[in-house]
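In the two complexes below, chain A is the common chain; its partner is chain B in one and chain C in the other.
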Partner chain A sequence: MEEITVQDTIICRCEEVMLSEIINQLESGSETTKELKLKTRAGMGMCQGRTCRPLLEQAVSFHTSNAIPCVSDLTYNTPIRPLALGELARYGKDL
Partner chain B sequence: MKADLVVIGSGPAGMSAAITAAEYGATVTIVDENPIAGGKLLGQLYEDPNNGWWIGKNVAQALKEKVNRLGITCLQETEVWGISPHWKVQLNTGHEIEATNIVIASGAAEKPVPIPGWTTPGVMAIGAAQVLTNYHRVKPGKKVAIVGVDPLSLTVAHELKMAGVDVIGIFLPPSDEFSLHRSHPKQMISYLSSMSQLAPTKPLKLAGKLAKNRLIQNIGAALYPRNGLKVWGIPLFLRKTVVAIEGNEQVENIKVTHVDSNGMPDRKNVKAIEVDTVCLSGGLSPLAELAGAVRCGFAHIEELGGHVPLHGPEMETTQQGIFVAGNITGIESAQVAMAQGELAGTSISARLGLLHDEADTHIKNAQNQVKKAREKSAITFQPNVECGREKLNRMWHENLATFR
Partner chain C sequence: MEIADAVIIGGGVIGTSIAYRLADICDKVVVVEKGEVGAQTSGSCDKAIILQSKKPGFPSKLAQASRAIYENLEDELGIPFEFKKAGGMIVIQSPEHLQFMKQFVEDQNKAGIDVKLLDRKEALEKQPCFSPHIVGSTYSREDAEVNPLLLSQAFAKASRQKGADIKTHTKVLDITCEHGRVKGVQTDKGYIATEWVINAAGPFAPAIAEMVGVELTIKPRRGVILITEKIKPIVHGNILCAQYIAAKHLTDNKGTEVPPFGIGLSLGQTKSGNLLIGGSREFVGFDKSINANILSSIAAHASQIVPSLKTVQIIRSMVGFRPYTGDGLPIIDKVPEVEGFLIAAGHEGDGIALAPITGYLVRELIERSGRHKELLEPLKLERFK
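Presenting the complex of A and B:
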């Protein structure tokens, strides 16, 4: 038998952002997922928040006691999937 | 490339939408990122006491045969990375499909369960274990622990057991800002008991009955046996939680402790249990990024699984010509997804003028089929899904004036 040791855990896998960093930001005044993203890069990696988005929303809602907003503060942008520049170039036009 | 309708996703909802529209005479293209059509159907395998075995793989095959017979173009292993106005669907192959109507049937994603160590190799989402076992016929591991109690995790536990995997138990997630009621023994007991009438599979029914037991209900979670009760030979631990997953190259053990009836862990007596695989079940949430990128209106409805695109009684979103069907509209069964797909396909056929003066009748019939599928549906993943649907309808009507 052993005691629970306080362990940190990854929230955003792509940008390797830990829960402790998220909580630090929330304790120093961040109130939205967008602020968390801009401060820590959580949700800005390869998968564009496909994994951590619900965790960030829950963390903010839990620490601020605000309901998760209907329109997410984390915008969805194209391309919504990783895209090689070569694939993009084939369109021969601007995004 | 041009089509009357582009369907994104070839799961139960997407294929049903494509089939319905093609049967009415529309030219349809389906785009899907997976190698094989069928979506989540491919992993589904359970015995429904009323309707016998539901073998998702066979359902998928039957749908795919219809799709082929109708001459619907199917682009597998093709990703949609965007939709530009009115409407062009952009593919990672460098092509673009022009269409007046689109059905987004992108399904759902699993919510992560961020226990310390959750990114260690050998930890996987419960859905991955299901696809490995039922579709690829590969055992995810030799000795498996499951974290998270819900219809999906109980069903997969049973499937793993049938495949000969040693499932050492189903545990609660640790109490934190992410697990909320899912780490709470009392709430999980009443959730399980609410499932007992509806539960489609024997182990689910058993779990429900077990939780419904008057004694357990009356005394709450306090006297739920610490060593769990067995469901199909698998211990269901409603008083134990996994606080960490450990291992260097690969999962080696989980750290387990008892919780009180409110989910608070015993911090002193943590035990290591050897396992080589951990399956995490955090519930499902609608996968709505495409609808978000094309600026559809949204609602956040917990009962439906999270953010869902606002949509009306014909499945159209706030963007004209963009429709949704299946789990993107809220987490429900494959049967509901198929009925929603048929409704979207019917509505679109009406817009295309293919139904002439029969349009209203056909749409009404398709709407009734969705209702029926919902009533007959054995699995309700989300408690109070009906209440969630009502909220969404209310929001659609309240917002109607702002986007139409």
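Presenting the complex of A and C:
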């Protein structure tokens, strides 16, 4: 079993990204949630960041001392909720 | 004031690949990227390095030269980017396309590309996920794939290790010239004096060229891809469909219609298990808003070829803008009117495949050692004048 230090905690459940990994990236120069996403996959999972986005934004804000942006730079892309491909093929017109 | 030997505008896969090669011959290379490394076109694309679909002749030769560099690139950079020689197939759905594909495979073999035609049974053996209604497919073991996100990051990191400075979140506002010569680059974070400016801004290259009064006709050709949840491996290598390839080639002589939204299958599975299902080709400027018809058409087309996709969950779509020049080849050249200004843009749907050779070609434009003449000649800007 992998050992988890007391301070470390999971930030992105879908992609299993730990806080320590996020802090690592921030310390080596990442400045935005988009950059964190490209480097660690945090936010790219099944829920598309619905769970981890606020945590990522807090981490960035804490490290860069910038305010949390009102409009996130992690954008939602259609479809808004997961949807079976077969459904999409049939009902795309009414999305 | 900052001074650099060369300033590269754009930190996509093309700009970072150039930075890596220029760092060998310049003391100070600077990349100026307005956002993050690889977050535009190079982060909204498929992962395929496909040789078998290239036009025999020069396009195929260029692709082969780039593919050869990939062979040892991970070792050279010292950074893995999931390069995999997984092979590729072009699936043939209708008997009408069979004759065309037979000829296509023959031409490719003559051009030295290792590709063969498989009948239905052989194709299904290789790719059990295919529908039993397909007619057959091609197969080439030379096709490969990478993780494009990791690739740009790897080029950037390896460039930094060689001393390049990669400035992200920095936007180029203007380029100064004096007596027909480049003098420097004005960014929103300061001025950089330099003798060489390389325009590697992909689909955004025309706006950069305009700063020195040069007209570039590169257009954004939008592509949409569906991304699924992670599932266990069901797709091996990269899959294209003959419908699009046939339509593209046949329109030239027989007036066959290209499918709506320019849809042609591109299917692959990432190492993490997500399927990438594409794709469309449209000219709609830089409009990111997508009509649901496109998504459903991509889904419908893909599920005809791989029926088991119907139950897989789509978690998002991805929109990217291929830098389209019109003849399927990039522009890699010096601009004669503005000394010191180079263009390396317009790789359309092949930027991932062509990134490695592009770095070498730009280095050659600066070094002038006499290498790669035959590769640079057909990529000149003047072919559009």
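Of note:
Here is the rule we go by: the second predicted complex is superposed on the first by the 84 of 95 C-alpha atoms of A that agree within 3 Å, B and C clash if a C-alpha of one lies under 4 Å from a C-alpha of the other, contacts with A are read in each partner's own complex, and residues count from 1 in each chain.
Please note the rule applied: contacts are C-beta pairs under 8 Å (C-beta built on N, C-alpha and C of every residue); 3 or more make two chains touch, one makes a residue touch a chain.
Keep in mind it's a predicted model, so treat the numbers as computed, not measured.
On the superposed chain A, the two partners chain B and chain C both fit, without a clash. By the document's definition of touching, of the two partners only chain B reaches A:L19; chain C does not.
Shared-chain residue A:Q7: touches chain B; no touch with chain C. A simple residue count on chain A separates chain B from chain C, and the partner touching more is B. Applying the stated contact rule after C-alpha superposition, one finds that A:Q58 touches chain B and leaves chain C untouched.
In the superposition on chain A, A:L83 contacts both chain B and chain C.
In the superposition on chain A, A:T32 makes contact with chain C only, not with chain B. One geometric descriptor of the composite model is the angle centred on chain A: between the Cα centres of chain B and chain C it reads 140 degrees, in steps of 10.
When the shared chain is aligned, chain B comes close enough to touch A:P69, but chain C does not.
Once you line the two complexes up on chain A, you'll see the smallest CA to CA distance from chain B to chain C is 6 Å. Shared contact residues of chain A, touching chain B in one structure and chain C in the other: 48, 76-79, 83-84, 90-91.
Per the touch definition, chain A reaches chain B in the complex via residues 1-4, 7-11, 13, 19, 48, 50-52, 54-55, 58-59, 62-63, 67-72, 75-81, 83-84, 87, 90-91. Across the interface of their complex, chain A is touched by residues 33, 79-83, 90, 92-94, 96, 109, 111-112, 114-119, 177-178, 180, 243-244, 255, 257, 265, 267-272, 285, 289-290, 292-293, 297-300, 306-307, 395 of chain B.
Residues of chain A that touch chain C in their complex: 31-32, 34-35, 38-39, 41, 45-46, 48, 76-79, 82-86, 88-95. By the touch criterion stated above, chain C contacts chain A in their complex at residues 35-39, 43, 149, 153, 168-169, 226, 228-230, 272, 277, 290, 292-293, 295-297, 299-300, 302-303, 309-319.
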